[in-house]
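Listed next: structures, encoded as structure tokens.
Below, chain A partners chain B and then partners chain C, in two separate complexes.
After this line comes the complex of A and B, so read on.
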């Protein structure tokens, strides 16, 4: 099915043409950027519905496998990829919509959309790739585009953050590349499905495990789990708000959590040791991330620390390895994409209106900016896990799964993390939106229409996404994704047949 | 950036056509001999860079010069994309080698690979030259 290809070639083609198009007329780049992300969203909805949980494979260049041994690069869409594609393209569309007005304050929208589309192409490529080295190439496309986008404001703060991000991102890429080299030397193949069969044959030998350790370190750096998190609190706040939303919303998940799951569940086969590593990293991130967030007075920096904490929930849920735990982890992953993107867009709107991110300087904006205020309250309740918002359901599932798996300590720590998150967001609400209106903000106005539309759609998603748990909807979205991870090594058979 | 002495100018003027021809040769024979689009593109960018070093950067660091570099870069990469997409139109597969493969070891052989090499050559030469222009204009602490 060549639909899989459109996720990669359409944004790439757009990115290559935009430098010329935007020269003709600046506003054309808005149209092209939004049209492409809208088309991608349509493709992903269509793809998820038609595939309905089955595995679809596409062979680039027509190089079909010979006697079940793949000779070319293949693209694979199964339940997990479908779910990730859906969330990436929803966030991308709403973020480009928001960028139309927000990015008008920066120079050169053409370059912005070029980099943005390259990033989206890379994200879709990572999700669809069925080949380890190809995955690395797309990962680098995304990473390099995001280095440039973090530095888009070219002030000292942005450049410093981008440099730090590049150094740590480069370290991660080097570790992953070294891991791929060791992996290739041992298994003799780079195709994930084929490698899965080879590893099932030779077992977890020391070299295979060494490659695994390198992958674990590299992808955890990309996912910003706690001992590896140093770049995130600088890079995410420094970027323009739409890019912060993309980075926190989808990039850390697609570059970090998704390859970790794919490699350790579908290629290596999950073992109790790997599960323990996942769960401990997850819980440490939940608790330390939220404590670090509590002491922040910079709006976007606070949100960045919460990203670390929430990714902890995702990894904890997936690391439990039970069907319910994996379902909860993946559900929290997509929920976090939605509410964290919304929170970053809210922060962006506050910056757009007032030009400051300091919580102590703000105050009383609720009456001046009703849409931003209301949507930020929805997002805050979601991230804190209050019913009936989406964050409540996924955290509930993760905590119930912890209890079922007999991990009482982790369940208690997850609850504590959630309470501290609520505390931290009450602080945000009090200092930014409630409290007395300061004299200097009395002329503040609500942000332009398109920015409001984007935030309102995100808020509606926050309220409505609990419905994904309904059996009929879950059967085409969450259930197939969780099954892919739970059935683990059957991935090879599904992709290559036989 | 000012130009250099007359000797340097004359020698670079004599040298640059042959460097250009070598670059084009390496691109066109990419599917037969070592090298290809990237190596040839670097040589072409090197020929232009030599001229800039000898004659000074004033001519190329204008808005028009930068626009030409951007244009070349976009066209090169877009051509590469376009050749790959033609495969879908022709036979349903991205990067399908749909052109007649020809006689092995002849100049006209290997299907789309020489075409891809040409696209890569345009892209790499324009992009490297654009990087060179940017680096020759910017100094530490400058704002773009």
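After this line comes the complex of A and C, so read on.
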């Protein structure tokens, strides 16, 4: 199905033309950027519905395997890829909508949309690629575009954060590339499905495991799990708000969590040791992340630490390896994409209106900025896991799955993490939106219309996404995605057939 | 001192872990399955003398498209990161020998660059290498004539159009041949001649132009920042 290709070439075509288009007229770049992300969202909805949970493979250039030897690159869309595509392109569309007004404060919107579309192309490529090296190439595209976007403000803070991000991101890429080299030398193939067969034949030899260790370190750095998190609290706050929303909302998941799952569940075959690593990293990130968040007074930095903590829930759930745990983990992944993107956009709106992100300087904005306030309350309740918002359902599933799997300690720690998250967001609400209105914010006004629209849609998603658990809806979204991981090594047969 | 000791210990520890892998794994003297297939099939199916090119442009064309993008992003990034201009030290004017020599060499180097990217399917080289060679010609020109005007608008046009043309050739492959970036869109031609190997020379020409203009615009940005 050549539809899979559109996810990559449509944003690329846009990105190649934007430098010319924005030279003709700056405002055209808004239209092009939004039209392309809208088209991508349409493609992903269409793709997920037509595939309806089945695995679809596309061989680039028509290079089908010759005598079972994969000579070309294949793109694969299965349940997991479909779910990730949906969430990436929903967030991308709402973020470009938000950017129309927000990015007007920066110069050179054309460059912004060019880099943004390249980042989206990279994300879609990572999700769809069925080839390890190709996945790496798209991962680099996303990573390098995001280094540039973090530095987009070119003030000292942005440049420093971008530099740190580049150094640690580069380290991660080097580890992954070394892992790919060792992996290719051992298995003689880069195709994930083919490699899965080879590994099933030779078993987890020391060299295969060594490549696995390199992948684990590299992708955990990209996912910013503790103790690999040092770059995130600098990079995510420094970026312009729409980019922060993309980075925290989807980038760390697509570059970090998704390849980890794909490699260790579908290619290596999950083992108790790998599960333990996932779960321990997850719980450590949940607890330490939220403690680090509690002591923050910078709005966006606080949110960044919560991203680490919430990614912990995702990895904990998936690491349990039970159908319920995986379902909960993936559900929390998409929920986090929605509410964390919304929170960063809220923070962006506050910065847009007041030019500060210091919690102690703000206060009483609820009345001045009703839309930003109300949507941020929805998002805060979601991330804290209050019913009936989406975060509640996914956390509930993860905790129940922990109990079912006999991991009582992890269940208790997950609950504690959730309570501390609530505390942290009560602090945010009090200092930013409630409390007394400070004299200097008397003339603050609500942000422009399109920014409000974007936040309202996100808030509606936060409220409505619990519906994904309904059996009929779950059967085309969450269930196929969880099945892909739970059935693990069947991936090879589904992709290559026979 | 203690810190260095730790570093030394860490390196020694890594060595202990890595030695078993190195001792058991030589480079091997047989090609693996995938590589063997390339060597056998590429000259026959695609008509390329340079098999590396066949792998880069056709079999793994999507990777190459990605690599082109990485450079594109780097140029865009450098473009706005170097927006802040600062005053540098005054520079000496180029000497007579440099400016004369530069003017003589520049067209020859450009010609060589064009040769390298247009013969990528026949001899070692290709779009990336050819593009870099062209950029060095402009670097020489910038050094030998300080005031050399570079039209950044023109560069943007060439860069964008060649990038888009590369993509368009890929899409044409999707419509008219086996799939996206399939080089068999054009006939394979006579083995070893310049116009052979399907769309590979065409794609390498676009890549050469794109890489060349991108590097020139990076050099120009760095220069105007001095």
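Going forward, the second predicted complex is superposed on the first by the 498 of 498 C-alpha atoms of A that agree within 3 Å, B and C clash if a C-alpha of one lies under 4 Å from a C-alpha of the other, contacts with A are read in each partner's own complex, and residues count from 1 in each chain.
As a working rule, contacts are C-beta pairs under 8 Å (C-beta built on N, C-alpha and C of every residue); 3 or more make two chains touch, one makes a residue touch a chain.
Just so it is clear, the model here is predicted, and its values are computed rather than measured.
Look at chain A after the overlay: chain B and chain C clash there.
Judged by the touch definition given at the top, the superposed model places A:5 against both chain B and chain C. Touch criterion met: A:23 reaches chain B and chain C at once. In the overlay built on the shared chain, the residue A:13 is in contact with chain B and with chain C. After superposition on the shared chain, chain A has more residues touched by C, the comparison being chain B against chain C.
Once the two complexes are overlaid on the shared chain, A:118 sits against chain C while remaining clear of chain B. By the touch criterion defined above, A:154 lies against chain B and chain C together after alignment on the C-alpha atoms of chain A.
Of the two partner chains, both chain B and chain C are touched by A:59.
Once both structures are placed on chain A, chain A residues 2, 5, 9, 12-13, 16-17, 19-20, 23, 59-62, 154 are touched by chain B and, in the other complex, by chain C. Residues 2, 5, 8-9, 12-13, 15-17, 19-20, 23, 58-63, 66-67, 69-73, 107-108, 111, 114-115, 118, 121-122, 125, 133-134, 137-138, 140-141, 144-145, 147-148, 151-152, 154, 159, 182, 185-186, 188-190, 206-207, 210 of chain A are the ones that touch chain C when the two sit in their complex. By the touch rule above, chain B contacts chain A in their complex via residues 67, 70-71, 73-75, 77-78, 81, 84-85, 87-88, 91-97, 143-144. Of all residues in chain A, those touching chain B in their complex are 2, 5, 9, 12-13, 16-17, 19-20, 23, 59-62, 154. Of all the residues in chain C, the ones that touch chain A in their complex are 17, 20-21, 24-25, 32-34, 37-38, 41, 58-63, 65-67, 69-70, 72-74, 76-77, 79-81, 83-84, 153, 156-157, 159-161, 163-164, 167, 170-171, 173-174, 177-183.
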